[in-house]
Amino acid sequence: MSDFFKPISGMELPRFAGMPSFMRLPNMDFDHARIDDVHIGLIGVPWDSGTTNRPGPRHGPRQLRDASTMIRAQNGATRVRPFDLVNCADLGDVGPNPADIPDSMDRITAFYDRLKPHGITPLTAGGDHLTSLPVLRSLAKDAPVGMVHFDSHTDLYHSYFGGTMYTHGTPFRRAVEEGLLDPKRVVQIGIRGSTYDDEDTDFAESVGIRVIRIEEFFARGLQDVMAEAREIVGQEPTYVSYDIDFVDPTFAPGTGTPEVGGPNSFDALEVVRALDGLDIIGADLVEVSPPFDASGNTAFLGVSIMFELLCVMARHIAK
Amino acid sequence: MSDFFKPISGMELPRFAGMPSFMRLPNMDFDHARIDDVHIGLIGVPWDSGTTNRPGPRHGPRQLRDASTMIRAQNGATRVRPFDLVNCADLGDVGPNPADIPDSMDRITAFYDRLKPHGITPLTAGGDHLTSLPVLRSLAKDAPVGMVHFDSHTDLYHSYFGGTMYTHGTPFRRAVEEGLLDPKRVVQIGIRGSTYDDEDTDFAESVGIRVIRIEEFFARGLQDVMAEAREIVGQEPTYVSYDIDFVDPTFAPGTGTPEVGGPNSFDALEVVRALDGLDIIGADLVEVSPPFDASGNTAFLGVSIMFELLCVMARHIAK
Amino acid sequence: MSDFFKPISGMELPRFAGMPSFMRLPNMDFDHARIDDVHIGLIGVPWDSGTTNRPGPRHGPRQLRDASTMIRAQNGATRVRPFDLVNCADLGDVGPNPADIPDSMDRITAFYDRLKPHGITPLTAGGDHLTSLPVLRSLAKDAPVGMVHFDSHTDLYHSYFGGTMYTHGTPFRRAVEEGLLDPKRVVQIGIRGSTYDDEDTDFAESVGIRVIRIEEFFARGLQDVMAEAREIVGQEPTYVSYDIDFVDPTFAPGTGTPEVGGPNSFDALEVVRALDGLDIIGADLVEVSPPFDASGNTAFLGVSIMFELLCVMARHIAK
Amino acid sequence: MSDFFKPISGMELPRFAGMPSFMRLPNMDFDHARIDDVHIGLIGVPWDSGTTNRPGPRHGPRQLRDASTMIRAQNGATRVRPFDLVNCADLGDVGPNPADIPDSMDRITAFYDRLKPHGITPLTAGGDHLTSLPVLRSLAKDAPVGMVHFDSHTDLYHSYFGGTMYTHGTPFRRAVEEGLLDPKRVVQIGIRGSTYDDEDTDFAESVGIRVIRIEEFFARGLQDVMAEAREIVGQEPTYVSYDIDFVDPTFAPGTGTPEVGGPNSFDALEVVRALDGLDIIGADLVEVSPPFDASGNTAFLGVSIMFELLCVMARHIAK
Amino acid sequence: MSDFFKPISGMELPRFAGMPSFMRLPNMDFDHARIDDVHIGLIGVPWDSGTTNRPGPRHGPRQLRDASTMIRAQNGATRVRPFDLVNCADLGDVGPNPADIPDSMDRITAFYDRLKPHGITPLTAGGDHLTSLPVLRSLAKDAPVGMVHFDSHTDLYHSYFGGTMYTHGTPFRRAVEEGLLDPKRVVQIGIRGSTYDDEDTDFAESVGIRVIRIEEFFARGLQDVMAEAREIVGQEPTYVSYDIDFVDPTFAPGTGTPEVGGPNSFDALEVVRALDGLDIIGADLVEVSPPFDASGNTAFLGVSIMFELLCVMARHIAK
Amino acid sequence: MSDFFKPISGMELPRFAGMPSFMRLPNMDFDHARIDDVHIGLIGVPWDSGTTNRPGPRHGPRQLRDASTMIRAQNGATRVRPFDLVNCADLGDVGPNPADIPDSMDRITAFYDRLKPHGITPLTAGGDHLTSLPVLRSLAKDAPVGMVHFDSHTDLYHSYFGGTMYTHGTPFRRAVEEGLLDPKRVVQIGIRGSTYDDEDTDFAESVGIRVIRIEEFFARGLQDVMAEAREIVGQEPTYVSYDIDFVDPTFAPGTGTPEVGGPNSFDALEVVRALDGLDIIGADLVEVSPPFDASGNTAFLGVSIMFELLCVMARHIAK
């Protein structure tokens, strides 16, 4: 494999120098000569029109790219060197229409539809959680997929404000309804916080989605929970959706709807390492909201999580 | 006039104590027994779905209320005591639908339609600048009105993102098209910054809107410019729309689309004082974005401007 | 039970909209027609004149109210729906005199004396920790009460600055001396940090107060420690005083006298859940200092703790 | 004059190095061998118990010392080299009692009483504005003095909260009553903002204090106003009291009771330069509140003002 | 001219989307096929090893690029459309060696040496002010150039810390000594603040550099001063060096060695507009320090200044 | 032992008052009359020229001194009263040359060479991690020492940027090469994060340095790991180097090269307590970077760690 797809080292060019593409990877569009050599595409979706609470994830991809220049070539914990295993590239941002939700969803789905012909697996940086729906409309077009979902909310509500169907609190309700997710192969981990009522979890139960609340997560321990998660999704195609508010808001303050009492940053990484071996057909890291992330630490944790996702995806693809 | 409508003094209850209604006024809804005694209603519109750039004005009304508890009973410069002249009340917030622009506009217009039967003149705290459109749909329902518009942008663009008609960059284009504004009685003051092209100012010229750029404002002087502004709108019903980004972003950093090189905070107040004597049928202060206002200074300047607006409105009504 | 005492849902009115009363509850004073229907009153005491170190808790109640609009109707962990069990209301703030400590203490005690005739149990948002003393002067007027006290400091010192008896480091020394607390039914949990000397803990030992340092808390485990705490206070009337600096300052930076090495946010909630079943006659959450809480996360953790307190109080009252 | 009293240059020791005494001057107490050689003593009064609004000036002296290490040896505008003209020293802080106002005032007066025997003229860093009263009790013990007072408030109110006589809004009312100030030789410059009523200015008028509002300041121009100020105080002993909220809060956000629409930072310095030639027997810079000064810019402006004060004081003493 | 060199409009792609190159221009290196079509190259120099005070400008180029996505195609004040007049491109960053000053200077000079063969005029984003020296070593290799220098410091000192010759306080002393600048064609505008002594201005006088202090700038007025500046440099090749600390630190807090009392943001732009018609062979904007620019406003002012520089450079080149 | 070396209590002088020396200890230089009575000297090294990433530790000592005024006389956990056991003093800062690395290293070594004649053991506040090298050049001049090293990085790299040997990523490679460290008596704890490659750990292995990664640390538990650490260094002279980035960046955000997933603040203290009984001949706390520590919490954690170091050092010396 040539050096073209290798990030430049911080020992050659300081980390604060140079244009901040994701992990210092080559930035390319679909017209690039080497697009067919790409295995994993990192994509930004700067969009938060589905946010019913504090806005800001539209600024997520840019801040995540900035923070990502701190990432080096080798995973210290697992020793995986993803850029040696597969070719990765920064495919840029999907251009949304901040004042039109349906138009934006169409734009996102159309962008992801262009990946398949090139054989590219997407790793997405959101955007609010509604982002996952138009992405799944592309990735699960042919058949429903399983999902490992890290979050403090189920995002399974029916609607908001008297009938609004598309918000960041409803994407997976829609995805189940549209046949994009196989609910029996969906597990949600980290759910907590005060709730409106049981409408979302009643729905989960009715369709077979497994909800693991944070109290269970802490009581059983991370490894035990993740073993169950792996079993639920099995070896079939699986999507990973990681809402940064899964992590305790002290570790990840830059998000719009935080819930206190969540996992720390070590667990935040470990849950991803535990996905090793799954057939991940795409993943996202959503709800990083820079306006509420004064220190930039949420973004840095976010890209650290993305790097872990990239490592397990690369290992799977390289096999 | 009874004490019911008088804000409690900071010499009795410290400014940091108590629920933060606008200027410590009584908070009431349309069912309140004394609603018909209200002359001026302060209203929040926590809505920013029309924002094409950095979001946040949905949080404006709450932060403006908080900052407004620093306002005392008497205008130091003009010696007007508005709460002695007329009855003012905080009428609460219009509840928007953050994920549906047309629905939100309908909600806003419906709320303002309820003011007229009670004879209440509205002073609005936005919200992004699209807020002004549904407000004008109510206030100018019967006949077009004039407008004094402070801003660094004209907000006269035709559309965004390939045809989106309702954003915070288009409200006054729509208002002219819908016959809500009489363009010959509209003056825009403070326009500056880099621009896309001349589409907006060409439109202004074609319909007779007077655009006063910041260079002209500084060159001629505030009093001279404001004399022209008063002449343009005359003694007919006039709306005042004040975008906080009229002020230099150093004085008002908490806004989404700042343009450097604007007026300072003294001028920010003086331009309002110069409106004394006009027939103001409503006013708004928009685009205060708390997520970009770490110190809260923008909100405090915003309510200081609202207090000046209130003073000239009260003087006019009390006459 | 009517809807009057039910907070409006964030699915109807977005969380950032509307006046921020505690948990979106009705705001009422003692003259309100329905005051006798209130079971639990949420009260702010915006006062920090007893602070010997970094000031700011005078701003606590307002910021806590703001953050509290993020709280929903149901406790996710315990499934308690407090607003279905009892009637709760925001009774506003006690107006303090920031430049006169004795006057302020009298005002606070007088305010709380008005609760008993209406049968209202108070949940207080401070204010610095001296707040607890004038509250206890009202609640324990007739007989000493027990206390579960979460804090990193004992607040049992005799005096400061050569004889000053009333500061936020002395309230419980005074409360024992004044016969408001039964020291044998008092337990202090989380004590840590560097100390002046052993004067406070010597006093604790001499009167029978049980002090559980953080090292013991971590070594024995939360559930074991809380079982002992429940045993110490028994089924007699008990006050709960929660200093936000009990929590590690990374999770709760917005406080004046932080001590590193404390519990995380999950434990911060769990210790309250472990109080279920006690006869809680009042509770407070103190020392939230907004000027040192740039992100607002301390306030959000604070109201999350208040919600847990409310849930155990509501369960007890509803029995 | 020896080098003992000369600040070390930033070209020898970087400005961020070393203990931050005021302007890198020697730090000494009254027992120091060279105390009688000191002409001007810089003194901190870390005290804000008189603050009725947002607290914080207790932290002022420390932050001002930190920022003051940016000050070099020569005034760029006036070319005065104060440390060549007179001996200056940092005399440390007066230790206040944050929970006892009368005790603190006594401590402050006692500290300043120790200056006269050594012939030291004080330049004070507050502290809130109540600081000026106990300082004047020492400096004006024998005869009333004149005062040039820069502020956005008159601080001439009678009392707060139903009779509290000592707050940061009353020091100069008390000083006139106590015969410390000759009201006919007092001028207040920069007054603005909303006001409670005319109680303070009525008092000013009744005793002969000259109040120059900000509108007059801008209309007449700085030099004209300052000429009048010099005439009012004449060549008799004069105190200078500089509240940082004289300056527009955009330039000086770190203060508790800001009022928008004030002078910029250039004017903030120029008004002090215009005091050259007066018989200044003491000066203070008060109300810098670090918790509201995230950037530290207010403190830096504050010490820049202190340096200008020092230069005019040094020129007068050296004559 | 094709569309290749035209920035994409914010009306097509929202400003927060996409990789942040300078002003959304194409990013290219010297191997790019169209490098010879470039007229003006925007270049980052992320380097601050010469900083003797507060560090941070190494992060300047990245933050300036981010802020620059707010710039649109047309200058509102002058109506210049630079991207229609000439081809502009973002040429990336020079990779410095943060731990080796001479090595870094060599790298910078080498990078700029590559511009001349392609006929590219550089517009540089620093970096601390030492950046200008290695740039001038390339641009003025053949003959000394004139310079318009905006700053609050002369940067003409001989050395620091007992003989260190290369710091951000010495670049123009070195440039004169090395024959890169013709001192009789150098003007420094905005000088202010406390100073060590007269060593720098004595040197200026001895070689014929014209120093215009801020007091003179305000007294004579901007247009008069700039007319003199234009006369001093004449029609010969001229470099423009703009230190962001020329502007008052309230408008530009993000810098390492601020001096209060400077020009506002309107003047900050106007001084550049007054350079129209000069033969500018290169320009830089230096000393933007993101760690001290919490709001990002300094960077936005910085790129607004860069856009003004670009407009006058483009007008000159297009003639 | 006299009171001269005892910090003044916060119950006498509020913690925000007075000049901020380390832990309120007497500040003295080598000429002080009582220098020979000092057992432990606290020293600042405000220097970060070796930083290859985000700068700022040059501001560390000042902020650490400020935060250290919160430290009281007694260790709450271990009950050690260090100031009763030995004499401690603040020996001020080493004056570095920010623009010359070799010169700065010589200055530091020279300063530490002056300690030995007076029998002073140093506790250093950095500065970036290159600081440890010139300190070790003095302390280990005669014989190599052992080291307990807390960090998320090994700092064992050979060189950066094509051959630069002295950066904050290379100090311990140099120290081994220079014979200052006995690699078989060196243990590194907490290593994590993405890495360039295995160059550093290969070197560690080749010379016998024991590297304990964070995964091992968490898996085995703190006490077990620390027992091994004590065994590795044994009873011979040992240096302790504590990089604040050992701690998770949520607890210690103010640092230049954070790595997520580290220990919390309780563990941060416990690892030091576990060093009790070792022959510590010097210790440092480095890499606290105030520009990235908006809340000051990192500095407060830093001095809390320094206090723990001081306690174990004092216990050893007093034996």
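Per-chain residue numbering starts at 1, and chain names A, B, C, D, E and F are given in the order in which the chains are listed.
Definition applied: a contact is a pair of C-beta atoms (placed from the backbone, for glycine too) under 8 Å apart; a residue touches a chain by one contact, two chains touch by 3 or more.
Keep in mind that what you see is a predicted model, and the values were worked out from it rather than measured.
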Third chains touching both chain C and chain A: B, F
Given chain D and chain E, the chains that contact each of them: B, F
Angle of the C-alpha superposing rotation, chain B to chain D, to the nearest 5 degrees: 120
Higher-contact pair (C-beta pairs counted), C-F versus C-D: C-F
Whole-Å gap separating chain A and chain D, where each centre is the average of the chain's CA atoms: 55
Separation of mean Cα positions, chain E and chain B [Å, integer]: 39
Residues of chain E touching at least two other chains: 12, 14, 16, 52, 54, 58-59, 98, 160-162, 250, 264, 292, 294
Arrangement of touching chains [line / ring / star / complete / other]: other
Chains that touch, pairwise: A-B, A-C, A-E, A-F, B-C, B-D, B-E, C-D, C-F, D-E, D-F, E-F
Touch list for chain C against partner chain A, complex: 9-12, 14-16, 70-77, 250-251, 264-266, 268-269, 294-295, 297, 300-301, 304, 307
Complex contact set, residues of chain E against chain D: 52-54, 157, 160-162, 191-198, 213-215, 218, 248-250, 253, 257-258, 260-262, 264, 292, 294
Residues of chain B defined as touching chain A within the complex: 48-52, 54-56, 58-59, 97-101, 103, 160-162, 164, 166-167, 291-292, 294
In the complex with chain C, residue positions of chain B that touch it: 12-14, 16-21, 27, 44, 46, 58-59, 61-62, 65-66, 90, 92-96, 98, 294
